[in-house]
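Some notes on the structure that comes next.
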Amino acid sequence: MSRRFSWERRIEFRDTDAAGIAHFSTFFTMMEQAEHAWLRELGYSVLWKQADNTLSWPRVAAECSFESPLWFEEIVQLEGQITKLGRSSVTYRFRFRCGERRVAVGSITTVCCHVAHGEPPESVEIPAKIRSKLSEYVDTEQATT
Amino acid sequence: MSRRFSWERRIEFRDTDAAGIAHFSTFFTMMEQAEHAWLRELGYSVLWKQADNTLSWPRVAAECSFESPLWFEEIVQLEGQITKLGRSSVTYRFRFRCGERRVAVGSITTVCCHVAHGEPPESVEIPAKIRSKLSEYVDTEQATT
Amino acid sequence: MSRRFSWERRIEFRDTDAAGIAHFSTFFTMMEQAEHAWLRELGYSVLWKQADNTLSWPRVAAECSFESPLWFEEIVQLEGQITKLGRSSVTYRFRFRCGERRVAVGSITTVCCHVAHGEPPESVEIPAKIRSKLSEYVDTEQATT
Amino acid sequence: MSRRFSWERRIEFRDTDAAGIAHFSTFFTMMEQAEHAWLRELGYSVLWKQADNTLSWPRVAAECSFESPLWFEEIVQLEGQITKLGRSSVTYRFRFRCGERRVAVGSITTVCCHVAHGEPPESVEIPAKIRSKLSEYVDTEQATT
């Protein structure tokens, strides 16, 4: 039985568009905000500066299916699990809800990279300590590990 | 042999993030901008007001795979085709390039809806005139029509 | 001695730009978010639907002076006061701080309007109940009432 | 008689909000886009990399007054002049129009800085070549030089 990460956020006016609802691109930003809050809860940052190098997690893929809209000032809940924990990549899946209403399901896939100023990111193995913490959130029913 | 829709845009400073590159959420906004330009080129708008009703195209799904970053002031080209033209839905696929560099591939799926103020959108059959124009862009090698 | 409204928020990755800091346009969005939270704390919404009409507060002016940057994941505090409470308009001033560091000072001026779908907003006198609550926040040293 | 810089842009769907019009924060982004296009027209970039250093133009102040709204797919014209050309700072003023309709007037003040990775920007005198080109746009009736 795996753990789930929960995070919530109010829909702000800038999130909305002329259709009166949260713009579809904001769902991707919300998934990223939740991912960053998740890493902070585990004691890290998406930009993790260590003595000798900096780790970051560029995204290589993202997707979302939209089931119902979100309106200004509503509170949306994101519930996250990990559906794939690879050697260097992580796929996070988020279910969006507003109270009892199903809103959306999306995922983002990130790759653990060593980053240095002026050089392209280089993928590295996820450090054991981080992997151990992330593995608690793997959805054992659906995940490919 | 199907037609392709081409559109390009400069990466603006607000598109970038602290990683120095266009934020991944902007790829979804760019696909939407290209879709809207495409509909304008066909003589329509994504918000098409007729005598008795208004048609719009809410999105039900979106996805993108990222291959290389986009930097400030670069010009990105989007080349669009339709990979699925359903009774009421359209799936647009966009290939992002920057000169010879492959940047990303993404898609958005929209549904033709009748919209009225204060009521939920109601999906309707794509009007024959619009369908006829869209059908020229169907990727006959990959599409499911 | 007037009251002050306090609100804080974490700098999210989408707030940043290629200079590595929160984009200057996000300061305006943050002021608006703080204003909306302020109205909620007073028991209202910036879109206040009553039986017979809807009140809203379109902005007519905004300005900001930037003193120091905000970085990803920093917590910024906004402290709000009202510097002008007119018949139908309100000017909110916000001081931005990050811990002891002065970050920015800005203001937005909004006008109380009756709004109806498809018609231009019409300015109206601020309802007495709302005015009474707002008046507690007027900066009596600097304000023009 | 000074020159004016002209630039135009379509209002995109992501620019709009639930009030159905371009969000007020987008006026600041549009001024910045126009400023960057202006510098490109003069042969520079807002991030100008030379052999030994990089010049950039962080903003220290911005303001805007809003006269009428902008709607989805409208074309807005920005007409720019310089109202203050200091030793290291430039204040750009932009008048926004949509056809004959006056939309807004705003300004941004930027400071010419030497920037190096990991160090705070350091203000420097505007290089003579750039100053010469900018000076053609100074509004001689209103400017303080």
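Read from first to last, the chains carry the letters A, B, C and D; within each, the first residue is number 1.
Just so it is clear, contacts are C-beta pairs under 8 Å (C-beta built on N, C-alpha and C of every residue); 3 or more make two chains touch, one makes a residue touch a chain.
Predicted model, so just to flag it, every value in this text is computed and none were measured.
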| item | value |
| --- | --- |
| Between B-C and A-B, the pair with more C-beta contacts | A-B |
| Longest centre-to-centre distance from chain C, chain (CA-based) | B |
| Distance between the centres, which are taken as Cα means, of chain B and chain A, whole angstrom | 24 |
| Whole-Å gap separating chain B and chain D, where each centre is the average of the chain's CA atoms | 30 |
| Computed distance of Cα centres, chain C from chain B, in Å | 35 |
| Sites on chain C at which at least two other chains make contact | 13-14, 18, 25, 29, 32, 47, 72 |
| Chain-level touch network, classified as line, ring, star, complete or other | complete |
| Chain D contact footprint on chain A (complex, rising order) | 13-14, 16-18, 20-21, 23, 25, 71-72, 117-118 |
| Chain C to chain A touching residues, read off their complex | 12-14, 29, 32-33, 36, 40, 45-47, 72-73 |
| Residues of chain C touching chain D in the complex | 18-19, 24-26, 28-29, 32, 47, 56, 58-66, 115 |
